[in-house]
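What follows is a set of structures for review.
Shared between the two complexes below is subunit A, which pairs with subunit B and subunit C, respectively.
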Partner chain A sequence: MANYYDIDDVLAEEEILPAVFQQAADGVGLLDSSDDTNKVGAGSKVELPFWLARDLHLRGVVSIDVPPYFKKISRTRKEIGADAAHVDLRSRCQYFYELGLKIAPLVGDKTIGPFLLVAFQTRYKEVLVKAHTAASAVAPKHLTLLTNEETKLYEAGQSSTAAFKKWRMGGPRLQKATVLGRKRKPIE
Partner chain B sequence: MAGQSDAQASTFSAAELEFLAEDELIEIVPNLRMDPLNLICGDFGPFRPQIATQVPIWLAVALKKRGKCAIRPPDWMSVEKLTQVLEAERDAEKFQPLPFHYVEISRLLFDHARDDIPDIYMVRSLIEDIKDVRFHKIGTGLEIISKERTYALRLKNLSAMEANIVRPFVTRALETFYKLSSPDMIQDSDSVQNRQHQTVNRGPRRQLKDR
Partner chain C sequence: MYGKKGSELVKELASSEPGQLSAFNNDLFSQVIEECTGHLLHLGPLIRKIEELKKVEERRKINKQELEESDKMALKANNSGALIHHLSLLRNKRCLMAYVYNRAEIIQSLGWTLERVLPEEIEEKLSSSEKEYFKNHGATLQSYMSELDIDLAVDMVPPKDPYIKVRVLDDIGNVVLSDQSANLARHAILFLRRTDAEQYISQGLMEELTS
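This part shows the complex of A and B:
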């Protein structure tokens, strides 16, 4: 589904998740730096990036826990329920939606899907208004709250509106092609 | 280069749209005598003084710059027509029919043929008003994407420039909504029914304005 070369997809999988080892494992002491034995005992809690946690989870080595902001009872959920548009999701997780989509089938939490959708629905309206109207003075403050996906959406709207305004204001109609400006190298 | 569209984004730049709009036909009254021009896009002329003829806008502008013709503004660019459109635009929910390239054509004529347009200040401000009303409608219309499950938008009577401005935003938003509301993520009885329904119907489509 996701594009293999999509950098955002790669980065989204770098997000750290809490996980618990179900089995003891040798030689991976770096994951659990509490002692020098180079072992991870069964039941020890570690933090793993999503890409690693997913594969270990599928092999039954670890069990994944959702990050705090996806928990059923969490501050984030309450805040989203109250006023989604002004929740700072960026500081929680830059790839909030992407990660949510990936993690929901793994942990089997059916409430994550609707939660993501509701969050995006409310925040979408805010982005829509800001992207097409906002003077650039208001924007930066709002921009710091947005996740990666929302920022891109905002920029898509903002840049096309700005380009149209620029065209309407006029300015030089003819532009020099980049190839024409170059100096020719003298032939030796 | 600012004049060209971004290679990645699937949109035109405003200058490119203007270029496309220059192919629209417009009536001119030449003041020179010239044989018909046989161009790939068609034959234009013959040009006789005071005999009106149809040419593409780029040709009209080129002749105008050399002082060889007067441009006749199109029918829709009159004060009465535009006033009607503006009023209808304010009252009705739907977008009024206007030429597909009305934004570009009006700018081209305002730049190159100011002396040929009667009541130019009035016409210009009417077109600005119409454009603002329509943009506002687009803005409020796009909010409905978030309210219900939407897979496509029908943009009836939306002009080239308007569609082009919202295109990057709308495609991205629809894509994200599609991902987030996929049946795998939203599992309730309602969506299962919906899924069967969609295979027949390709999903609900929304009018940009339907409230």
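This part shows the complex of A and C:
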């Protein structure tokens, strides 16, 4: 299990999944606002965040379905198969891989794992090449296509290039504490 | 939606630049705690109902009878309702803990780079317990260093040369350094002992010059 305090892990578990209640549940009116009986009946379809859906699923209270982009026959899979590097995964799910890893053992769909692997491998190459070559000043357009994990890889690639350059050219080694911000006082 | 506020809190943390502190979100923080209280209020009656039904079940067991079908359903429904509230509580707790923990990590690193001087613009971003934490953490570090008789905050980057060239960015005034007493006026360019300069640089009062 990932670190309890890990921000990304907390946020990845917030992703919404479609789920169907197998049993009724009392005293939880907020989930299904369509009636005021303060309960959810068996068979009602709701959208649950992953952290709630997982435990309810394991106890047989709800059955979960994968989000549309993990479905066996979906546009996302076709697009990844065609040209993985230019698929906009960010708009589908910022935590595409993390969620995929968590959801695969729950739904027993064996094709999700290989699908994620193929997607990551092809996209990773592209990300790395771009991180090492792109001029750092402009925020490139393709950054908006990347998931959270990929953005981190991109930034790591860029900072290692920058560190390499700095090492070759030499530069100030002591620096202001980063927490104070980058602003310099205006020179009067 | 359940747990929404908690995730908002964590999202705020994630969207701030790494290593930078944003103001402690007292408002949202207390809202999440309120939500927890709400869950607890829902949880109480559900647990009581479950217990009542269990008692009925016990009594019936003695007579070798089973619960009526409607009671069985009610027990299950109450169980899953209680479970949802319980999970929401755990989730909210995790969000709150993650928020506080990750901020505390940044505050700890402040203790290394800024020593005891906390600039105003950072201080106002901390909650009162975080200020306390910073103070105590700094004091612990100081006492450890004085016990060892080494200043551990110095030479965070391995030194190449005992002396470095620096430019003073702000009027600091006359300061007695380890080997000389110098007038650190703004824009002055000096050749200082690295160990003396390091603390000023990390506070943003000087910058290192390289030829």
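Methods note: the second predicted complex is superposed on the first by the 160 of 188 C-alpha atoms of A that agree within 3 Å, B and C clash if a C-alpha of one lies under 4 Å from a C-alpha of the other, contacts with A are read in each partner's own complex, and residues count from 1 in each chain.
What we mean here is this: contacts are C-beta pairs under 8 Å (C-beta built on N, C-alpha and C of every residue); 3 or more make two chains touch, one makes a residue touch a chain.
Predicted model, so just to flag it, every value in this text is computed and none were measured.
Contacts of A:G157 after superposition: subunit B is touched, whereas subunit C is not reached. Legend: residue contacts after superposition of the two complexes on their common chain; A:K39 is shown touching subunit C, with no touch to subunit B. Once the two complexes are laid over each other on the shared chain, residue contacts for A:V20 go to neither subunit B nor subunit C. Contacts of A:V28 after superposition on the shared chain: subunit C is touched, whereas subunit B is not.
By the touch criterion defined above, A:L58 lies against neither subunit B nor subunit C after alignment on the C-alpha atoms of chain A.
Applying the stated contact rule after C-alpha superposition, one finds that A:K110 touches subunit B and leaves subunit C untouched. Judged by the touch definition given at the top, the superposed model places A:R168 against subunit B, while subunit C stays out of reach. Shared interface residues of subunit A (contacting subunit B in one complex, subunit C in the other): 170, 173, 175, 177-178. Chain contact summary for the complex, subunit B toward subunit A: residues 1-3, 9, 11, 13-15, 18, 107, 111, 135, 139, 142-143, 145-147, 161, 164-169, 172-173, 176-177, 179-181, 184-188. Residue ranges on subunit A touching subunit B, taken from their complex, read 97, 101, 104-105, 110, 112-114, 116-117, 120-122, 124-125, 128-129, 131-133, 149, 152-153, 156-157, 159-161, 163-164, 166-168, 170, 173, 175, 177-178.
Those residues of subunit A whose C-beta lies close enough to touch subunit C in the complex are 4-8, 10-11, 14, 23-28, 30-31, 39, 49, 51-52, 55-56, 59, 61, 170-181, 184-185. Interface residues of subunit C, counted against subunit A in their complex, comprise 1-3, 7, 10-11, 13-14, 19-21, 42, 45-46, 49, 73-74, 76-78, 80-85, 87-88, 91, 94-95, 97-98, 101-102, 106, 109-110, 113-114, 119, 122, 157, 160, 164, 169-170, 194, 197-198, 201-204, 207-210.
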